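In the two complexes that follow, chain A is the common piece, with chain B as its partner first and chain C second.
And then the complex of A and B:
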């Protein structure tokens, strides 16, 4: 394989390295700082694509850090599913970064923008690591890096709400990582391994002797990843954090960060805990019902919000629930739906937060009731909002339909039509709070009263790219679905 | 009786779990932000204690290989991992405390309830 055998590690290393040089560049060669981050993200994307092609040809590839074989060394695993997550992660973060180039100057002080680039690269690098790693302790370290950088891209704005929100987020995510590490100890105690593949083997045997340890670990993992991914009763930190952050950070947090933890929980359920454990206690069932509740309550809370960004944040709680549903339903079609939704929701929610960012940039309005008639003054922005809302609701022709379709199909396939009802009801609730904004924006007779600044070209371009992709996901879902079906077939 | 004996034999696990619960309870219920950060450290430390205790076997010694001596070695891996864990916990603590300092500058208090009260008056 030559040079490309080091790609799994290089993806993370390139991003971390950029994180260290970007504040220096920002200080001494300001024009180069942003292109450096873009170049690093492009390089990472290219490496992921090369790896994906190689994995399709030669099968799953394991990378041993420093040449130490597992169970002693840290192992990175490149399989189609992880690489799919990485493609979504890196391309969406590249897109958000390009949007951020203009928006950051508006929301942050000039001297901290170089540090923002650092945090951004660290965040993307750590998320890439979470997706790639095959080792529980490495996962813990990367999760802490991800938590600190995710809190820091909120608190970098240094106003009161951002500081409070990021403190709340930090405390709850510290609780999450504490629980996670305790779960790791429980598993290490009974098996002596930290590597996923070794654990999977060893837990089958250990389950006969120490079932209690393994159950405790599973419960702790649900709490840990549930807190970090905002699974319904553990979502309390999310609305404040995602709503008060600068818009590019909100797009990043809502679009990608919560999903990567949902993916980590998926890995725990399918690659660490063997079938016997999941059959002995209804863990998937618990996740499934919490997700069903989250899909309803997230939407209900979103309905009563008056702040646009808060509403989008609550809507994320409802949407992440679909992904958890895909994990909990235990069917290959459900996995396809859940993972398709990771991509669709990442693009859609990031775009909606960009729209909110553009509205704040150009008019300074945050309240939903002041948005009447805004469609006439910001047409591109509000068309983007319309298409984003359509995808959230799941109207045909947008990506949102495809993921809901596969989830509903799998619910019928395993004979539990109640979840089809949940999906339908939640979609209707989505329509109830998204559609009035669209209708008021375009069809209200009142003129928009506030002063409007022109929207920079690069921000409009980012929104157009988002719209195009949402529609492509709606009409040409075949290649991605085929990839996901192949990947899901490995687990059943 | 057997359970009781098990608890007495493995008292260090019990200590770790009790500390964990104290830490988590204080972190989630106390309104003082400095105390929240301290509780976070207690919680982390309890997990580290538990992890290191897992690596210990009764009567074992530090894992340094000496010639011609048959002894039981303690497992070195948990120790190595916890060293990393401590570094991570320190950085999280530093960041959390810096946030508390910034919040204190805005409100002149570290108490979360008082801050909520002030915000609701606005």
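And then the complex of A and C:
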């Protein structure tokens, strides 16, 4: 494979490298700092694409850090599913970063922007690591890095609300990591392995002797990843954190960070715990019902919000529930739906937070009831909002329909139509809180009263890119769905 | 606050603390301790100077620019050591396999890449502790 055999490690390394070099660049060569981050993200994206092509040709590829073979060494795994997650992760974060170039200057003090670049690169790098790693302890370390940098990109705004929200997030997410570490200890105690593949083998045997340890570990994992991914009733930190953060951070947190933890839970369920464990206690069932409740309650909470960003944050709780539903339904079509939703929701929610950011940038309005008539003064922005809302509701022609379609299909396949009803009801609830904003923005007779600053070109362009992709996801879903079907087939 | 007794005591003690910190960093691959503990001890000596004299005297010991260069440099050094292993034909962070000189087991210059990495992490930790302390002090103003 030549040089490309090192790509799994280099993807993470190049991002961490940029993270540590950008404070220096920001101090002495300020013009180069942002291009360096963009270059690193582009390089990482290129490596992921090359790996994806190679994995499709030659099969799954393992990378051993330092040449130490597992179970002792740290192993990175490149399989189609992980690389798919990485493509979404890195391309969306590149897109958000380009948007952030203008927005950050408006929301942050100049002296901390260099630090923001550092935190941003560390965050993306740690998430890439979480997706790639095949080792529980390595996962733990990367989760810590991810949690700290995610808190820091909220608190960097330094106002009271942000500090409070990020402190709450820090405490709850530390509890999540604590639960995870305890679970890892339980598994290590009974098997002596930390590597996913070795654990999978060893747990089959260990399950006969130490079922309680393994159940405890599974329960702790659900709590840990549930807290971090804002699975309903563990979502309490999310609305404040995502609503008060600077808009690019909100886009990042709502669009990507919570999903990477949902993906980590998926890996635990499908790559670490063998079938016997999942059949002995209804773990998938628990996740499934929590997701169903989350899909309803997230939307209901969103309906009563008066702040635009808070509404979007609550909507994320409802949307992440679809991804958990995809994991919990335990069917290949459900996985396709869930994973398609990771991509669709990452783009859609990131774009909606960009829209919120643009509205705040150019008018200073955050309250939903003050948005009447705004469609006439910010047409591109509100068209973007409309398309984003349509995708959230799942209107044909947008990406949101495809994921809901596959989820509903799989619910029917396994003979549980009640979840089709949940999906339908939740979509209707989505429509109830998204559509009035659209209607008021365009069709209300009142004029928009506030002063309007012109929107910078790069922000407009970012939103246009988002719209285009949401529509592409709606009409040309075939290549991605085929990729996901192949990837899901490995688990069934 | 400036006090004659603390000032003279710390002036006496600081060199010993720093030597001890460096000793622990350099012996990271041989004895208990290592880069983190050693770096923390070294960083603590800088904090001690700042506390017993005043912030200006402490800042002179390790100015902000130098601190951030050392901080970034320590982490970058770690990453570059890993990359050098790839360049030498091993995997990322390979040690003996990539051909780092191993030396004689038990002697100071041994363990190849681990020795180098320990050094970088020690620098990183020491400068981070000093920087954190200065940021907290400045935040209070």
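The rule is short, and it goes like this: the second predicted complex is superposed on the first by the 492 of 492 C-alpha atoms of A that agree within 3 Å, B and C clash if a C-alpha of one lies under 4 Å from a C-alpha of the other, contacts with A are read in each partner's own complex, and residues count from 1 in each chain.
Please note the rule applied: a residue touches a chain if its C-beta (ideal position, glycine included) is under 8 Å from a C-beta of that chain, and two chains touch if they have at least 3 such contacts.
Since we're looking at a predicted model, the values are computed, not measured.
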{"item": "Clash or fit (per the criteria above) of chain B with chain C on chain A", "value": "fit"}
{"item": "Touching partner for A:181 - first (chain B), second (chain C), both, neither", "value": "first"}
{"item": "Touched partner set for A:63, first chain B, second chain C, both or neither", "value": "second"}
{"item": "Chain B versus chain C as contact partner of A:367, first or second or both or neither", "value": "neither"}
{"item": "Which superposed partner A:27 touches (first chain B, second chain C, both, neither)", "value": "second"}
{"item": "Partner chain(s) touched by A:163 [first = chain B, second = chain C, both, neither]", "value": "first"}
{"item": "Touching partner for A:9 - first (chain B), second (chain C), both, neither", "value": "second"}
{"item": "Distance in angstrom between the closest Cα atoms of chain C and chain B, superposition on A", "value": "7"}
{"item": "Chain B/chain C common contact set on chain A", "value": "none"}
{"item": "Chain A to chain C touching residues, read off their complex", "value": "6, 9-10, 13, 16-17, 20-21, 23-24, 27, 63-67"}
{"item": "Complex contacts: residues of chain B adjacent to chain A", "value": "20, 23-24, 27-28, 33, 36, 40, 43-44, 47, 50-51, 54, 78, 81, 84-85, 88, 91-92, 95-96, 99-100, 102-103, 106-107, 115"}
{"item": "Sites on chain C touched by chain A in the complex", "value": "65, 68-69, 71-72, 75-76, 79, 82-83, 85-86, 90-95, 97-98"}
{"item": "Interfacial residue positions of chain A with respect to chain B in the complex", "value": "137, 140-141, 144, 147-148, 151-152, 155, 158, 160, 163-164, 166-167, 170-171, 174-175, 178, 181-182, 185, 188-189"}
